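Going in written order, the chains are labelled A, B, C, D, E, F and G, and every chain counts its residues from 1.
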Amino acid sequence: MDQISFDISIVEYGFFASAILVILVGLYGALVKKSLIKIVIGLSILESGVNLLLITIGYIQGGTAPVFSPQLLKDMPLTLENIKALGNEMVDPVPQALVLTAIVIGFGVTAVALSLVIRLYRHHHTLVIDEIKNLKW
Amino acid sequence: METKTLYKKLTSVFLNWLFLFIVWNAFTSSFQAQEVITGLIISFLLALFTSRFFDCCSLRVLHPVSLFYSIVYVFVFLIALIRSNFDMAKRVLSPSLPINPGIVKFKSKLQSDFAKMMLANSITLTPGTLSVDLIEDTLYVHWIDVKTDDPEKVHAEIAQQFENILLKIFAE
Amino acid sequence: MKKILVLLLLAVFGIYLADVLFSLEFGKQFFTDGVKDFYLTKGPLDLKVSNTITAIIVNFRGFDTLGEVTVLFLATTAMGGILYKKRHKVGARSVLFPSSQIVMAGSKILFPAIILLGIYVFVHGHLTPGGGFQGGTIIATGFLLMLLAYQDYTVSHKVLTIVESLAGITFVVIGLMGLIKGSTFLENFMPVGTLNNLFSGGLIPIIYIVVGFKVGAELTGLIYTALHEKD
Amino acid sequence: MVGSPILFVAVPLLAAFLIPLFGFIWKELVRIVPGIVLLYLLILSVSLYIQVLQDGTIVEQIGGWAPPWGINLVFSPFTGLLTTLMLFLAFIIWLYSYRFKNVDFEPSKKYFILLLMLVTGSIGIVLTGDIFNQFVFIEIMSISGYALTAFYTGRDSAEASFKYLIMGSLSSMFLLLAIILIYSQLGTLNMADIASKAHLMKPEFRVLALVFFIVGMGIEAEIFPLNGWAPDAYSQAPGPIGAAFSGIVVKAGIYSIIRVTFTLFDVEGTMQFLVLMGMITLVVAEMAAIKQDKIKRMLAYSSIGQMGLVLVAFGIGTEEGVFAALFLMVNHALVKPLLFLSASYLVFNSTEKSIRELNGLGKYLPLTSFLFALGAIAIVGMPPLSGFWAKWSMLTAAANSNMILIIGLVLLVSVVEIVYYFRVVNRIYFFKKEEDVEPKKPTINAMVSMIVLGILIVTIGFYPDLITSYLHEASESLLDKGKYIQDVLSAGQSIIQ
Amino acid sequence: MIIYLIFLFVLLALMVGAAIYSIMQKDLLYAVIGTGVISLVLSILFFILQAPDVALTEAAIGVALTTIIFIITIRNTVRYEDEHDRKENK
Amino acid sequence: MKEVLEIIGALFVLLGGIFLFLGGLGIVRMPDAYNRIQAGTKATTLGGMSLILGVGLMETSWLIKAVVIIIFIAFSNPISSHALARANYKRKNFPYLKNTKGVDAYKDAYLNENKEEQS
Amino acid sequence: MIQIIIYVTFGFMVLGIIFSAWRIMKGPTAADRILALDTLTTISVSGMVLLAYVFNRFIYLDVALIYGVLGFIGVLVIARYLEGAL
């Protein structure tokens, strides 16, 4: 097979920029919107943006996923040099591990938030935040 | 009566086991001894738990005739799928959109749920048709180019070729 | 008015953040001696785990995973507490009417396959992408399929609780056994095998299986609680 | 070796996973087990703390990987002090809520699981030496916090909880952003490692990361623009949970801010920033507190004000200042729960929960009222009680650093506090109840827990030397950044060679 | 090469667009579909950034579970953001 | 042999791409939801199947897994589109009919069902 | 040769994505939008498989497989909601 390259450095700052844009959109939704569900949607969008940013930070040009699969190892003996050489061509695994945790935690928070929304609706019969202001916001 | 249900249960577990084992090996696709043994154990345990849902077919599907017709079915299905796609491409690409849609119905002769589902799926993927609902054994089909609304003719037009093969596979 | 103010504020924030972040070059590593090199060599060599991310999640930073599992457990508990519905009546329906026969027949055959897929994902967590969380989520999705398709499909809440608790206890006990057998919490005390075999990685597959069961039970319980929440 | 710091997290988690199973066996176990766990941990914590004072910091490496590669727990004189304090309070709160208000609120298994997790999250924040792990613990703590705030079935509690949730999750996103910035520069997540490498970061990254950290953790620590959730949550949550918030959660938040500013980064002007934020928080909160007519909201604002005071004291930056801040924290951690616990019985029967309804309760509930008054005196800093020594040490610290403005401000604030606390005490003792009511008598265990707190306050008031040596140790260990780095990283150095 | 560039830019733009769409859309169901699109695209982006584990998690959690939780909330509350939109759309 | 398989696989991939594109075009051009579902399902199913099969042929050791994905797609896509069509009918979006004599046999069954539910 | 074909395929997929996105934005009824989401899912699965080929990693296929399964359930959820069953 001839070498097919998928060079994503051509977008340069595209990933950073769109992650920041998504973060901003999410923040806007969480801060300005009046509907409770919209606020939660805004939060989950914000979270997506942060996750994308984290993964983008960990990306290394031309790297591959940090999985030492048989296909990658072929018949190399398992020596320190070989592993190091392979590891140098891999993207940073740490941000990926962090994002995994962050995604799951974010889902938990979203679930709690939405159950609160359901309960608020049961008491107030509306989702508009202005009409729920019993306590001073 | 008692034995028959037990027999049914056993066949169901067995078929489920077989099915899951095949699926497992397809997932791992490495055929190392460790993987295969683990697959056997896991699929057996899972088969015990999920066998009450797995009532699609009896042992009859392992009969050579059934297997043969299954392969035939796959080919017929693929040909129908490709035909349907070219048909759809023709309709989509032609500027005037030559369509005359409507919903027609017909009765299927198939018995088991699974066979009916296969039929409905096949119909969805064949030229110009989309199964909308299945009530008892009446299939409601959205047809992009309605030629007739007589159930018999519709049946002959849309479902005949699949149904015959499915009848042979499931031996009904 | 508030909108414009917020937009302005966000614009300033975004421009500043972009300004700072753009000083990083895309696709470059910005530090010289990070922890990642250690993980990338120790993972395959010492732990014999092919998927370094799994090695990080379960072993190097296994404590985070314990916390993460706890977060999901808490979310389920919190959801039950917040929705404060008294125990739903027996025979309460999750959906109002059953789906069409086609979906029902399809889900019957897809359900075992999806559960098997979930099990595959968490059993092979150390070899391929995926692991306990993904596998557990897939299992929960399988149950969701059944709940959607059938009107009267029920999952025993008691069984879910027991599975969840037992899995959580197993996780902590495995950790504490590391404390007893080795010297620290969550320390690997099992033989590690050879790289890229199914039976390798010492404790990692075991912990991931436990996590898979726990997450599956938790998310199923969460969906189940939420689906029965109908006024 | 008495035990390992990991047990502070592992044992409560084990208990939390076990509690649902106990629920199937015997309902009462659900309530007893958390108490046993907390008592055990308290004993462990005290013994570990004594050991640490003699032998130096214990660093627990989880998974057998030395820092910076693995996660580590640091049990130093400073964190040990906070842990012991938190566990003590947790035990008191458990005792109080063991049969809390049998009438309409039965503490169920969910309540105890969440309470246990709230405590565990806070202890994890204090003990951990890894920023991402701290994020995870913050999430554990805040999710339990959200759920506990909404534990009452009223509608306002859900609203307060939602508010808390929105602010909490926004701030945790900022925390994640800060972690991203740090990781992108240094490639490590361990606090000691970051501290030793912090000079390698580009300055703008350092400043931005610090700001994000303070925004992210300020939510738990109730710094001024981020404390909107606190009064609602305190007033809507069940009584013991208000106490837990003010006694445990806030301490964890303050701890993490302190850890970040003192150990992780030395950015020019951070201390001044802390003083400024603390002063704004203090002034705004006290002004708000004086206007409140609901008792729990008043207590909440007072709590925010105290946190501002603590921040100011930390911001002085000298050893004396840190000592004063720690003294204030300990004082607040003992007194505010007492106030919350007693106030929640004082207003138990009223629907409004306002101060007006406290009229003349001193006759009906003499002991509870007395304890409330004791707490009020202690927190404003009247001479014989513990609060006085705390404020006094703060004033001396400020005077030694020539911060006259702070002295003036503290005195002014004390006057304000006197005004609004004595308004309440005045109503309790010197007003007449209009109609005869039958107030709810506290249960015995609640009474015991409150009396224990009261005795402690009085004891510390008369013998402040009992704790000052510990506080000095703690503040030294906080300020000695080099020793922290060395303690944590030395194990790793030996492994790699 | 240029096609990869276009491909990536379309994906990035689609993500940002879906984010804006789901914030702006008055019908909450459509907003939820928008979030589904976000996590779909995000998943491919993670894939492109060589993070298959994260792509898997995002797919598993974002596509099915978040959707069902949001849908349950919508079913228990209202489908439209404002009261008057309900009449317009119905 | 390998080269031949690669070329065949590449052609399959190209065919799949074209069908995916046609699916997209179909859902844009068709006049109502049912027709769009028809166009979308058929074209994307075949497109996806052929593309994945093409990849499987190009890299023969991947074939088994590719076939698994194909089977999953072939199995689940029609079901979801069927569910979608039914849901669309239940929301009272009746199909677009070209002339007034258009056939809608489902309407009776649907109305009967509704009557049963009400009574 | 193969490279050119893959380029072209990516081009077609981009067009398909754009069309689906347009339908999601525009599409009068909810069913249209979900259909477009479904189409987008299938295109994504195919795209993932193709990308796995481009990156030459076998393990990436798992992601596509799971994506296909879960995307189906995601669509089914919304369809069931539209039916009024949820």
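By our rule, a contact is a pair of C-beta atoms (placed from the backbone, for glycine too) under 8 Å apart; a residue touches a chain by one contact, two chains touch by 3 or more.
All figures in this text were calculated on a predicted structure; none of them were measured in a lab.
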Can you give the shortest number of steps from chain A to chain E, where adjacent chains in the path must touch?
1
Trace the shortest chain of touching neighbours from chain B to chain E and give its length in steps.
2
Starting from the defined contact criterion, work out which chains touch chain C and chain G both, please.
A, E, F
Which chain maximises the distance between its CA centroid and that of chain B?
D
Compute the centre of every chain as the mean of its C-alpha atoms, then state which one is farthest from the centre of chain G.
D
Higher number of C-beta pairs in contact (F-G or B-C) found for F-G
In whole angstrom, what separates the CA-based centres of chain E and chain F?
21
Any idea how many Å lie between the Cα centroids of chain B and chain G?
23
Distance between chain centroids, defined by C-alpha means - chain D, chain E (Å):
39
Geometric centre distance via CA averages, chain F-chain A, whole Å
30
Quick one: which residues in chain B touch 2 or more of the other chains?
23, 27, 117, 120-121, 131, 133, 135
Quick one: which residues in chain E touch 2 or more of the other chains?
4, 32, 48, 50, 52-53, 55-57, 60-61, 64-65, 68-69, 72, 74-76
Give the residues of chain C that touch two or more other chains, as numbers and ranges in rising order.
17, 24, 29, 34-36, 39, 51, 53, 61, 64, 67-68, 71, 74-75, 78, 82, 84, 97, 99-100, 102-103, 106, 110, 117, 121, 127-130, 133-134, 138, 141, 144, 222, 226-227, 229, 231
In the complex, the residues of chain G that touch chain C are 59-60, 62-63, 65-66, 69-70, 73, 76-77, 80, 83-86
Quick check: in the complex, which residue numbers of chain F touch chain G?
6-7, 10-11, 13-14, 16-18, 20-21, 23-25, 27-28, 33, 36-37, 40-41, 44-45, 47-48, 51-52, 55, 58-59, 61-62, 65-66, 68-69, 72-73, 76-77, 79-81, 83-88, 90-91, 93
Inside the complex, what are the residues of chain C that reach chain F?
97, 99-100, 102-103, 106, 110
Residue ranges of chain C in contact with chain D within the complex:
16-17, 20, 23-24, 29-36, 38-39, 42, 59-64, 66-68, 70-71, 73-75, 77-78, 80-82, 84, 158, 161-162, 164-166, 168-169, 172-173, 175-176, 178-179, 182-188
With touch defined as at the start, can you tell me which chain A residues reach chain C in the complex?
8-9, 11-13, 15-17, 20-21, 23-24, 27-28, 31-32, 53, 56-57, 59-62, 65-70, 73, 78, 80, 83-84, 87, 90, 92-94, 96-97, 100-101, 104-105, 107-109, 111-112, 114-116, 118-119, 122
